[in-house]
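Structures incoming, each one as structure tokens.
Shared between the two complexes below is subunit A, which has subunit B as its partner in the first and subunit C in the second.
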Partner chain A sequence: MAAPTPTAPDVTKPFDIVATYNELLRSDPDLTMPIAAIEALVLLLTHSPSSTISETLDLLEKSTTHLKKSIPNPIGLSAGTDLFQRYLITTLQRPGQLGPAGDFNAIRAHLLSNGRLFIRRAKESRDKIAAFGRGFIRDGSTVLTNGGSRVVASLLQKAADEKRFKVIYVLSPAKANDGDASPGGDVEGMETVRELRANGVPVATIPESAVAYSLGKADVVIVGAEGVVENGGIVSRMGTYQIGLLAKAMGKPFYVVAESHKFVRIYPLGQYDLPIEQHVINYQTAEDIPDGSKQQSLAHSSDVVDFTPPHLISALITDSGVLTPSAVSEELIKIWF
Partner chain B sequence: MAQPVDSSLNLSPSESAAPAPQPPSAPEMQPSNGAAKPSKPPKQQPKQAPNADSGPASAAGGENLSPAELKKRAKAEKQARRAKEKADKEQGGAAPGGPSATASAKKSSSGGGGGAGGKDAASGAQQKGQRHRRGSAQAGAQGPAAEKKKKQEDKSVAVFGHLYGQPRRTTVAGAGKEVHPAVLALGLQMRDYVVCGSSARCVATLLAFKRVIESYTTPLGTSLPRHLTTHLSHQITYLSTCRPLSISQGNAIRALKLEISSIDPSVPEATAKSTLSDFIDSFIREKITVADQVIAGSAAQKIQDGDVIVTYAGSSIVKQTLLTAFKQGKKFRVSIIDSRPLFEGKSMARTLAKAGLDVQYSLVNAVSHAIKDATKVFLGAHGMTSNGRLYSRVGTALVAMSAKERAGGVEVPVIVCCETVKFTDRVALDSIVVNEIADADELVINQPPQQVTGIPDSKAAATAQPDTKKGGNKASSQTSPPEPNLASLNGSSPLANWKETPNLQLLNILYDVTPAEYVDMVVTEMGSLPPSAVPIVHRMSTNL
Partner chain C sequence: MPPTSVALTPGLTSYLKSLKTNPIDTSIDNLISLLKRRQIRHSRSCATATAYLLLRVISACRTNDAGKLIERVQSVGRRLVAAQPREMVVGNIVRRVLGLIRDEAEDDRDADFNLSEAGSESQPQTPRATDDHSDSLFTRHERPTVSMSTPISMFSLLSHPEPEPSLPGTPASASPSGRLLGHTQTKDIRAEVIDGIGEIIDELGQVDDQIAAYALDHIHSNEIILTHTSSTTVQRFLLKAAAKRKFTVIHAESYPNNHEATHATVSGNQPADEELLSTESFQKPLTELGITVILIPDSAVFALMSRVNKVILGTHSVLANGGLVAAAGTRVIARAAKVHQTPVVVVSGVYKLSPVYPFDFDSLIEYGDASKVIPFEDGDLVDQIDVQNPLYDYVPAELVDLYITNLGGHAPSYLYRIVSDHYRREDISF
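Coming up: the complex of A and B.
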């Protein structure tokens, strides 16, 4: 908007959507991927000099694909970009001042302010979820959870204010043994463990290999999600699927906590049907390994995800209420049609 | 589907000037003479013997029925008699030969004479052959033991008793004068499975109705929106007597009627008619043609290199999906599972193989083998019910369940391709309450090995090979009626005289219901859904 230069490349160069996205995620630890994506897109619109609707949509489309390509796991992100694009199109189609006939600058101002409003609301949704989810944690119960989900953390914190319960926290096997002793930021979830302990909640940390052993002591399993897919299943950090399977086998309720902006329009049929490339399973013989240690770490990087099918999930606690997995598609259809 | 056989049975004696008047039941008895080849005078003597034998035998069998069974039987007889009277009235009214032709056909099968009479005789005989044993009405008049025996056993399978309605219409005789020729033809085509498959029937119906509307003129003193609906109702009634309407047909008709009733009566007739045909065209385009393309496109995305796709019977949309994926350069194998008596998978197998796909074809008996190396199952649909269940060709549930049970329900996804026009707000808990029963005689017939396409093999007919099949006869009987009869008479199928065999019932059910748990994904033109989302999408697509 500031300086419309004659050549297009000059305009897009100063604004790098990928860098903005990464910067946003780094600067605000509370930000989720879809929200960061939306915020980056809003920023993109403020920086871009486009003055027609189709130009805007085109720009949006291009930057979205660019962003998706340059991030290793774009599932969570695409929930945000799809939502924003959808919202934009419906706003533009609506008749009236903001419709196709209206003044484009007004439309843009409206979009930007609404985009910001959306981001603020999304952040608030965690409180809503905590309110809905509190009831699922009973006095004297034991909760098993994993990962570094911020929604789960806020739910547990809220519940700790009024209830007494114990938490079994599943941590990545490498660091779990020396639990609290490990350097804080390294292990996903260690932050939450410390905060909960500070609030007087007894927390036990276990490695992933001890889930089956410990599940007998837990009453309920609560996990976060990176994306909630159309059939009601979730895409979540590696290890969630096996917890789901074990919980099902042991008859423990398995709840997923997720904001509704994490609903993604993909329909995976199984682990290997996710729209991302993951090299979790690497077959190797001795000759294939020049320096053995490197390959190992890849499989355990925090980026890898798995898919938990809907039949393992008892309910999804979202900011639009507590949903059964089958209700997710209903919610998604409502957004999309 | 016994008609061609029966009809020629009736005709051949008359044409060859049959010597002795046969007992009325003879035409139906004949199949029991397994070896009888030509229907020549001498051969008819031996025929009588088995008849006489079987009469008492089954009568004896009937004796030890319990009172409750007797009561049930009496009830069934009464019902059958009523149905018979109704059918007679219908048939008699329109038949050119009038009651006399029908009567002669019944009484001595030598009456027929002219073409019209012969046709009538054929239909008369068919009626006798129907499972309702409508012959009982004549029993009073003729009273022979053979007739009596017929009513003794109800050949409808008890659990499905409610599904045996009027037997399917076999001729255009008796159709109302309002019925358009295009609809008349379509009715018979649907009855003979020439037009088969939920989408094909829906499109064909709409196209026929378009012609009905084109040739329609509003009678004086009424308006198009009011009268056209009733005019169409005649066509619909006729179609449903040929074969019960499919869910897609029902939905399309409902949409069309709604459109008709929303026409302003003051609009000139020509304008209204062109509006309606535009509506039909766009309905077909949006709900079927384009929808199929969208579905094929998005379902093809689910096919990956190295997949082994299992599919059941012949679904046009699955075929389109597989071809689309193949054109995208994906490398996969297809395993088609098929079943008697329709063998719908054969044409699919041929089309895919011709296109260059790697196709394996097996019957449903081999399902556990075929499913062994499957990675995905693609199924077509007749309909999706509001509780997310799949209502499709009988055998589908078996395939879906085998796929799910094989690997603990995780690894083999079952994908249903279905246009939203096939969604219904009905709920199906089992495949008993709502279903369709086809003529049980279709099960008796073995397809000749050389017959893949349904095209008559003239060589085989000429050499009087054992082509006991219905399909073969159907086609060849048009050219040379007597010959196929001979072949069919040799009764190579042990079931050939099932109607006379006591305690034997045949069930030719057309559909079954697959529980929602066995379906992972429904691909529609509005996106991919879990089966539980079917009612929501149905509500949305009907409200729009």
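Coming up: the complex of A and C.
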């Protein structure tokens, strides 16, 4: 990675969108991928000298493609870039000072001055989700969750203030062996576990293999998502799909918590239809493995995701309310058409 | 505070009569006590009583200020809902009326909205604006505006704070800048809202006929239809189809709460129940139209289900996730139908559709008079055992194939859309 780019880098330096994106993600652990992408694009626009609409859109398109290519799993971030692009087009089309008749510099100024506002709103939407979602956690119930979703964490924290409940936290043991993936030497989600415990919430941590065993003790499953796709399914941390299947089989409600800016316009038909390369299933014979351990860590790197189809999801708790999976497509249609 | 002025037994009819003469506060208290004592219990009766009461409340409010009207309706609504939280139609009607007031207030302001938009975008983005009004950002798209300026919910992240995000609750900011003309043209919001409530009341009266209009699409010749309890909506639906087609109805009674009413429906001997005193009571039973009606106890449902072509159910209320709360025994029937892959059709007026999400299914179930199960004369037995008489069942959405409302047929997963069409998001928890 290039030298850390400050949030307002030198104008003379050529703007590197990928580095900016990575830097943004690293500098603020609370930032989600779509918002980091939007933020990076805003910075890009404020640095670019373009003054016409088509020039801007072209630049946006190119940088987006570049960014998507350079990131191993661009599903989450593409939600942000799409949203930003549509927003720009809609703003430019509508009458008013920001529209075609208006001053193009005005929109640039608006974006620049509001970059922080976007991020704050994105974080606020987590509070809103927490407010919507509190009702799903009842006194005396047990919640099963997984991954390191910040929305789930904030929901559970909020609920902890007023309810007594227990949490079963599914931790991925693969990550623990995988030294370099987590710089703190911590399993993903462990921090949430610690915070919840500090708040007096009894938390049990279980490995992924114990989900079926433990699910009988849980009343509700709440998971986060990296992206919510068009048919209402979710793209999420590897292992979510199996939790969904098990929850369905056991008749437990399976709720997804996600901000509405994570809605992304892809329509995966199954696990192997996601627009990303994941080498999860690696067939090997003895001669393929010169030194065995290297190959295995790839399959368990932090970025692998799976797709949970909509029929496994009871409801999506978003900042625009509690939605059924079929409501997702409508939200998407609203911004695209 | 029982209704003293009327000699009739307390119920909808007597309540509506007393509404004309009693002062508002007495009327509110009356309805609250009627709801609490369950002297008004059918969904539609509750809805009608609520609508008429709100009509009185609004017409007694001597103000044209939308904010004050909303406040007044909210405070009355809160008390009514608190009186009987399981009667969700009460809350639904209150929400619809609140939505009406908001619509009228916004229509009024719409012209000003477009004008003030251009000027206000250079306004500093105060955090207050987003905090207080972020909810209204999401609801703008429900307004019938055509311009692209309506923010779309996902864009709310990026968009400006609304130039005019004020709810009618803050009317000070609602006055248009420099458009005094627009203000003098302001129509009488109160009159419009009263008209709107009148429409809701009309809708409550027509809802069964509207639903019945879809009957011929769903009931075919020589089908065997299974139904449960004595829902007037279902009866209307079947009668409408019976006028044209011959089919068989298996009618499951629901002992101990509804069996007498079911028997009456089947035999056509409606008791003189003034709460339902309307055209339905004078209806011919299905048998007179040449329909074979088979009355069975609901314990026999599973045995007969394999022969049934379609299950048509009435409901108490419908929830936003597509589930429903209906008379006890409904879930068994829906489950049996699922096992036999028999389609389950639920007929319900839109007024029963509640934006409430069922977080806690158990809290939706109402428990009734235990003496109906075991009369208290059986003192010995009653002492030794715990007798329960749940009145309702929660039926999850996946057990229902189709909802027929007065707007047409909908899949359960589509109900959220109808909810967002009928209720404003800011009113969902008022």
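Basically, the second predicted complex is superposed on the first by the 306 of 337 C-alpha atoms of A that agree within 3 Å, B and C clash if a C-alpha of one lies under 4 Å from a C-alpha of the other, contacts with A are read in each partner's own complex, and residues count from 1 in each chain.
Definition applied: a contact is a pair of C-beta atoms (placed from the backbone, for glycine too) under 8 Å apart; a residue touches a chain by one contact, two chains touch by 3 or more.
What you see is a predicted model, and the numbers here were worked out from it, not measured in a lab.
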Should subunit B and subunit C be called a clash or a fit once both complexes are overlaid on subunit A? fit
Please compute the subunit B to subunit A to subunit C angle from C-alpha centroids in the superposed arrangement, rounded to the nearest 10 degrees. 60
Subunit B versus subunit C as contact partner of A:E230, first or second or both or neither: first
Would you sort A:S260 into first (subunit B), second (subunit C), both or neither based on which partner it touches? second
Of the two partner chains, subunit B (first) and subunit C (second), which one does A:L117 touch, if any: first, second, both, or neither? second
Partner chain in contact with A:P309 - subunit B first, subunit C second, else both or neither: first
Thinking of the overlay built on chain A, is A:L323 touched by subunit B (first), by subunit C (second), by both, or by neither? second
Tell me the contact category for A:F84 with respect to subunit B and subunit C: first, second, both or neither. second
In the overlay, answer first, second, both or neither for which of subunit B and subunit C A:D273 touches. first
In this superposition, which partner touches a larger number of subunit A residues, subunit B or subunit C? C
On the A-aligned overlay, A:F165 touches which partner chain: subunit B = first, subunit C = second, or both, or neither? neither
Smallest inter-chain Cα gap (subunit B/subunit C, superposed on A) in whole Å equals 5
Overlap of subunit C and subunit B interfaces on subunit A (superposed complexes): 325-326, 330
Given the complex, residues on subunit B that touch subunit A span 302, 376, 409-411, 413, 415, 517, 520-521, 526-530, 532-533, 536-537, 540
The residues of subunit C that touch subunit A in their complex are 117-118, 121-122, 125, 127, 130-131, 134, 138, 141, 147-149, 152-160, 320-322, 357, 359-360, 413-414, 416-417, 425, 428
Which part of subunit A faces subunit C closely enough to touch in the complex? 38, 83-84, 86-87, 90, 93-98, 106, 110, 113-114, 117-118, 120-122, 124-125, 128, 135-136, 138, 260-261, 263, 314-315, 320-327, 330-332, 334-335
Which residues of subunit A touch subunit B in their complex? 230-232, 265, 267, 269-270, 273, 309-311, 325-326, 329-330, 333, 336-337
